[in-house]
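What follows is chain A paired twice: with chain B in the first complex and chain C in the second.
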Partner chain A sequence: MPRPGFVQEVDRSTPPQLFWRGENFSLEKLPADRSRVIYAPEPHDPIKDIDGAIRHALLNPIDSDPLPELLFPGMKLTIAFDDVSLPLPKMTRPDIRQRVIEAVLDLAADAGVDDVHIIAALALHRRMTEDELRHALGDRVYDAFAPHGTLYQHDAEDPDNLAFLGATPEGEEVEINKRAAESDLLVYVNINLVAMDGGWKSTATGLASYRSLRHHHNPQTLLHSNSLMDQHRSELHKSNWRMGKIMRDNGPKIFQIETTLNNDSFPEPFGFLGKREWEWNARDRATFVASSKALNRTPSSIARKIFHSIEAPHQMTSIQAGEVEAVHKITTENVYKQQIVEVQGQTDILTMGIPYICPYNVNSIMNPILVMCTALGYFFNMYRGKPLVREGGVIIMTHPTPWEFNSVHHPSYIDFFEQVLSETTDGVRMHKEYEKKFAEDDWYRHLYRTGNAYHGVHPFYMWYWGTHAMHHCGRIIIVGGDVRAVRRLGFTPASTLNDALEIASDVVGRTPTITHMRVPPLMIADVK
Partner chain B sequence: MRALRIDRSVSRFAISRIAASVSTARAAKISSLEHVTIDLPECPGKGWMTLRPLLTGICGSDLALVEGHASPYFEDWVSFPFVPGHEIVGLLEDGTRVVVEPVLGHAARGHKPPHPDAAPGDGDDYAHLALPPLKPGIQTGFCCSTGGGWSEHLWVHESQVHRIPDSLSDEAAVLIEPLAGGIHAALMAIRSITQNEHTEPTTEPVIAVLGAGTMGLAAIAGLRKFAPSAKIVVGARYPVQHRFAAALGATEVVSPDDLARAVRRHTGCHMVGDYLSSGAHATIDAVGNSASVDQCIRLTRPRSTVVLMGMPANVSVDMTGLWHRETKLAGSYTYGTENLPDGSSARTFDLAIELAAEIGADRLLSATYRLHEYADALAHAGASGARGDFKIAFDLRPINKESH
Partner chain C sequence: MNSKDLAKKGTLKVLARTGDAVEFAARPAIRRVRKLGFPYRAPTVPKGIVIEPKEDRLGANFETGWARTPVARGFRRVFLAGPVTAAVRVIASPRVYGVDRLSDLARLEEPIPVIFCPNHHSHLDTPLMATVIPQPWRNKVVTAAAADYFFNTRTKGALAALSLNAIPIDREATGRKSAEQIRNLIDTGWSLVIYPEGGRSPDGWGQEWKGGAAYIASRTQTPLIPVFIDGTGSIFGKGAKKLRPGRTRIVFGAPIWPEEDENIRTLGSRLQKAVELLADEVSTDYWDSRLRRKEKATPKLTGPEYNGWRRQWLLSEMRQTGDTGLRRRQKRRWPDIG
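Showing the complex of A and B:
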């Protein structure tokens, strides 16, 4: 029986806590008697018969006819799936998307459906490589569809292949992939790693154009999404749900398939990263010492390759299919079951170790903008109720924050960091003054459409993701980061955690309460 | 009188080139530059008068001589031994304070000017620079007949001197010569855009400047004055250069390695390999080495001009890009009579005197040294960027004399 999440009060006998530092980690001692550490619930048991569960979900959907009854010869069937940003780390083969899509294709074949397109719903993310597509879908699906041009990736900048479905009463334009929009049935295959994912966000975001996305990916919306993990208090989700209504009225019939995974994130020999420190055995301690010392001597590019080659053992804990909103309600409950930790009250200082990976640097570099987004856009938002850190409090994160970018994946990030952040860190101002130019830059558009580059506007979205945290906190400190890069972000650099706590005392006094989020594994703090 | 003098010595040039790789100060001590007592040369003729320098700057071309990097090209255009120094503010015999336009032009050499009212630098035949009555010398500071600014006295011709207003300090005035060089390069760049038949007319051209030492800053100031709506994108190496470039009107200042990306952002073009598909409407290279010339060609739009302001000497550049893009490389040596964007014309030095006052040029003078401290002075000038400084000059004023 997996143990629930846990809040450890730190006293003098508490062992030091693990802090991620990109492609490395350290043990840090937090002040006794005023610090606490939040641990995620242990990984829930996966479903034993995964293929059986998938088939059951397809044949017994929620608020929908069974999938076989929606399939007929001569129909246009489109299967869309979540892209390389999920799950994190990538899961061991076979990926759950492969299993679900193969099951859908089996039923389609049984029904005599021969017009099937498979589309990576990558919105403005970078195009996946062939290896990444094969990993997500399996060789059988890839080889059957890709050579015929029926497995491809959504292009949010292809005017000939976008369809306008209408606008919400708030004026939000809904424009999605034309093939998906004109299909008799759109099957969406989702992986719901965090509560933010899924629902109408799958289609209204994953298959949308910039014209459509800009209505909810902006500083105003994200400032009022409190939090992104709490759909009912998230303007981002409300906007997606309004767009969903337009899609339901004017778009294709949608059969939503959502899956949840447990948080079993690291295989051996990295299994100790998911354990609570006082439960480390001698082997765990030895592995920690050996690996951290070895990583200290390893060039970052090699360390990056080692970590990005990790395949997580996480497995499916639930699958539900059918009508979008009904499905997503259950999915969210299942995510909460795995990730919710009840926490009493807010804290003056929130600490977090930033790992090597986030949704936007798979097989790539965690550049400074992504460090910011991981900490302030994701980890800060892993709450329900109130933020873990009080208004005016301090966030301290650990990460080397190198002034380093992947020029293939993140070309516009380089310019955003150089030009926009040297002028302003104010999301509203950059939205007004710079976003359009980046979004419409022909070179970025070309690289997004034909290479493996994130869309030109993407670094803005990353910045907006952190807007709520930046407005909420009195100071943000990065320990161990490249000083120039940290300052360019508008944050405060510190050499050690103790230095950071000293700096934070200017804002929160000499004896602040401290809470350390021990992520990953992922968790959501339900702050009472 | 005391002076710094440089003599022809092939072996010393070679040794100082090696020494310069260690330090400019070491090169100065080994080179054929000497601190000596000499007599003022004989008066060159009619129209010449003596000048007592107050401040004389140290230019990149002076450093190239001391460090042994100067091109053999100059062998036939200078006359040894000569006293260097051509960025001069000084006093004439009657006490008039002037700056020297150092080019030894037709009038100074007793030759017929190319046109009435010609400036010393005007004309398209350089024969006079190598013909009697003066010994060869492209400028004061490179000619044994006239002397140079790194001494207590020199000869200047009436065609070379520009009276400066009392309101302009010596410290600002010593920057007038480099400012004139920057203005000349800026106007060349601007004209290359307005006269470029291959480019659509634009009111907001993108002009790139690589390098933000004294000359780069002078060019930026010139561009901002004569192309007020231009987007001036600057590649600068040191933080202090970033600050000054921005203060003088640069639209964006980035590190040199990021200049191509910055130009791309402003022009909205593509990057194809290491080249921009289009690029800056004109580029000023204020560095002048192989890497800078190569970089400037890569970021300048096809069929447009790279203005070489930094003296390049020997460079090795893959010219395929230049050939394919039909890029024009235009040297920008000095100054003379300028055709301005509004259709009028003016002497570059007169424009520079105005600009020196407008921008408060004295802030670009970072340090001064006495003549006998020449090794330290040259070392400082050789490392001025890294030390957060710009112009270094010799102070030849009597000790305790207040500046104007």
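Showing the complex of A and C:
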């Protein structure tokens, strides 16, 4: 029976806590008697008969006819799936998307459906490589569809292949992939790693154009999403749901398939990264010492390759299929079941170790903008109720924050960092003054459409993602980061955790309360 | 007759003469040994004495328990991982597909035994399987080998048992001894490789599948793993005199669990269809094979109903559709001008 998540009060006998530092980690001692550590719940047991559960979900959907009844000869069937940003780290083969899509294809073949397209729902993310597609879909699906041009990736900048479905009463335009819009049935295969994923966000974001996305990926919406993981308090969620209504009225019939995974994030010998420190055995301790010492001497490019080759053992804990909203309601409950940790009260200082990966740097470099987005956009938002850190409090994160970018994946990030961040760190101002230029830049558009680059506007979205946290906190400190890069972000650099606590005392006093989020594995703090 | 043929004829003559000479030289020695008689030769049996027939220790009765002792297992592990794997790579260049379909079973804390059921074209199939079976089964798998072929002499039987962990099985009907032995092995966690066709293909097409694998699976409630092996027939098929290195593909299918009260014939038929689907999948693609299954048009492994040259003709046509099974061709010498 997996143990639930819990909050450990730090006393003198508490061992030091693990802090991620990009492609490395360290142990840090937090002050006794005023610090606490939040540990995620242990991984829930996966479903034993995964293929059986998938088939059961397709044949017994929620608020929808069974999938075989929706399939008929001569129909246009489109299967869309979440891109490389999910799950994190990538899961061991077979990926859950492969299993679900194979099950859908089996039923489609039995129904005599000939016209099937499979589309990676990228939104403005980079195109996936062949290896990444093969990993997500498996060789069987890839080999059967890619050579015929019926497995491809959504292009949010292809005017000929976008369909306008209408606008919401708030003026939000809904424009999605034309093939998906004109299909008799759109099957969306989703992985819900965090509560924000899934629902109408799958189609209204994943298959949308820039024209459509800009209505909810902006500072106003994200400032009023408190938090992104809490549907009832998220403006992003509400905007997607409004768009969903337009899609329901004017778009294709959608059969939504949502899956949840447990938070079993690290395989052996890195299993200790998910364990509580006092439960590390001799082998775990030896592995920690050996790996952290070795990583200190390993060039970052090699360390990055090692970490990005990790395949997580996480497995499916639930699958729901059918009508989008009904399905998503159950999915969100299942995500909460795995991730929720009850926490009493807010804290003055929130500490977090930033790992080597976030949704936007799979097989790539975690550049300074992504460090900010991971900490302030994701980890800060992993709460329900109130933020973990009080208003005016301090966030301390550990990451080397190198002034380093992947020019293939993140070309517009480089210019954003040089040109925009050197002028302003205010999301509202950059939205007004700079966003359009980047979003409509022909070169970025070309790289997005033909290479493996994120869309020109993507670094802005990353910045907006963190605006709520920036407004909420009194100071943000990065420990061990490149000083110039940290200052460019508008944050305060510190060389050690003790220095950071000393610097924070200017804002929160000499005896602040400290809370450390021990992520990953992912968790959501339910702050009372 | 050209000079090459003449040279060949000359070589044969020399060989024949040498053979005659050796026989001539050995003849007196053979006569002398025959004259020596008992105890140098086996005793004759006096009339009226009936000798109790010795328990037959060959064939299905061949004892192979020693081949599963830790020492023999250790030897086999090294032998398979080293020379056998290297040889298989050189001779058969295997490409393996579908291992992901076994991931659920592989992930279990205590892996359960399974029964791998490949089609059978060549003696090469067994070493090939021994090197491509995924973990956690690879080091704990026995191979059902024809009792009348591999265990008809002590030397052959010992070699088969030691090197490939073969156990004898009656081809025609699953005898009681064979069945009990297999059940005991499965109960103790050993997986099994069994060729449901009962022997190698005589002509390149598959043979009718026998019910042994389904019977064992049904009795032991063990999942059957359909496996399709493609290409070994061209490398070293039945009747081949020498190896012709080429490429092979091995496709693993999803586990087939015996259903409660399922007829053995039905289970066997499910297994055979699963392997046929794998064959179709690997020769075309996943989606086309599913569409053909829906049309009940999945090609049979046993080939077309008609006999004669057309069967062989179709087989060669099929081989030309893919690279598998074909020998590595030499580089084209002449440009293709269409």
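In this section, the second predicted complex is superposed on the first by the 528 of 528 C-alpha atoms of A that agree within 3 Å, B and C clash if a C-alpha of one lies under 4 Å from a C-alpha of the other, contacts with A are read in each partner's own complex, and residues count from 1 in each chain.
In this section, contacts are C-beta pairs under 8 Å (C-beta built on N, C-alpha and C of every residue); 3 or more make two chains touch, one makes a residue touch a chain.
Here the structure is a predicted model, which is why all the values come from computation and not from measurement.
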**Asked** After lining up the shared chain so the two structures overlap, which partner does A:G490 touch, if you call chain B first and chain C second: first, second, both or neither?
**Response** neither
**Asked** Which chain makes contact with more of the residues of chain A, chain B or else chain C?
**Response** C
**Message:** Just to be sure I read the superposition right, which of the two partners does A:G138 touch: chain B = first, chain C = second, or both, or neither?
**Reply:** second
**Request:** May I ask you to decide whether A:Q419 touches chain B, chain C, both, or neither, giving the answer as first, second, both or neither?
**Result:** first
**Message:** For A:D442, using the defined touch cut-off, is the partner it touches chain B, chain C, both, or neither? Pick first, second, both or neither.
**Reply:** first
**Asked** Does the superposition put A:P269 against chain B (first), chain C (second), both, or neither?
**Response** neither
**Message:** Quick one: is A:E102 in contact with chain B, with chain C, with both, or with neither? Answer first, second, both or neither.
**Reply:** second
**Prompt:** Residues on chain A in contact with chain B in one complex and with chain C in the other?
**Reply:** none
**Complete:** The residues of chain C that touch chain A in their complex are 97-98, 100-101, 103-104, 107, 254, 281, 285-288, 290-291, 293-294
**Prompt:** Contact residues on chain A for chain C in the complex?
**Reply:** 48-51, 92-94, 98, 102, 105-106, 108-112, 114, 116, 138-141, 143-145, 313, 315
**Fill in**
Residue positions on chain A within touch of chain B in the complex are 414-415, 418-419, 437, 441-443, 446
**Fill in**
Residue positions on chain B within touch of chain A in the complex are 252, 254, 258, 261-262, 264-265, 268-271, 277
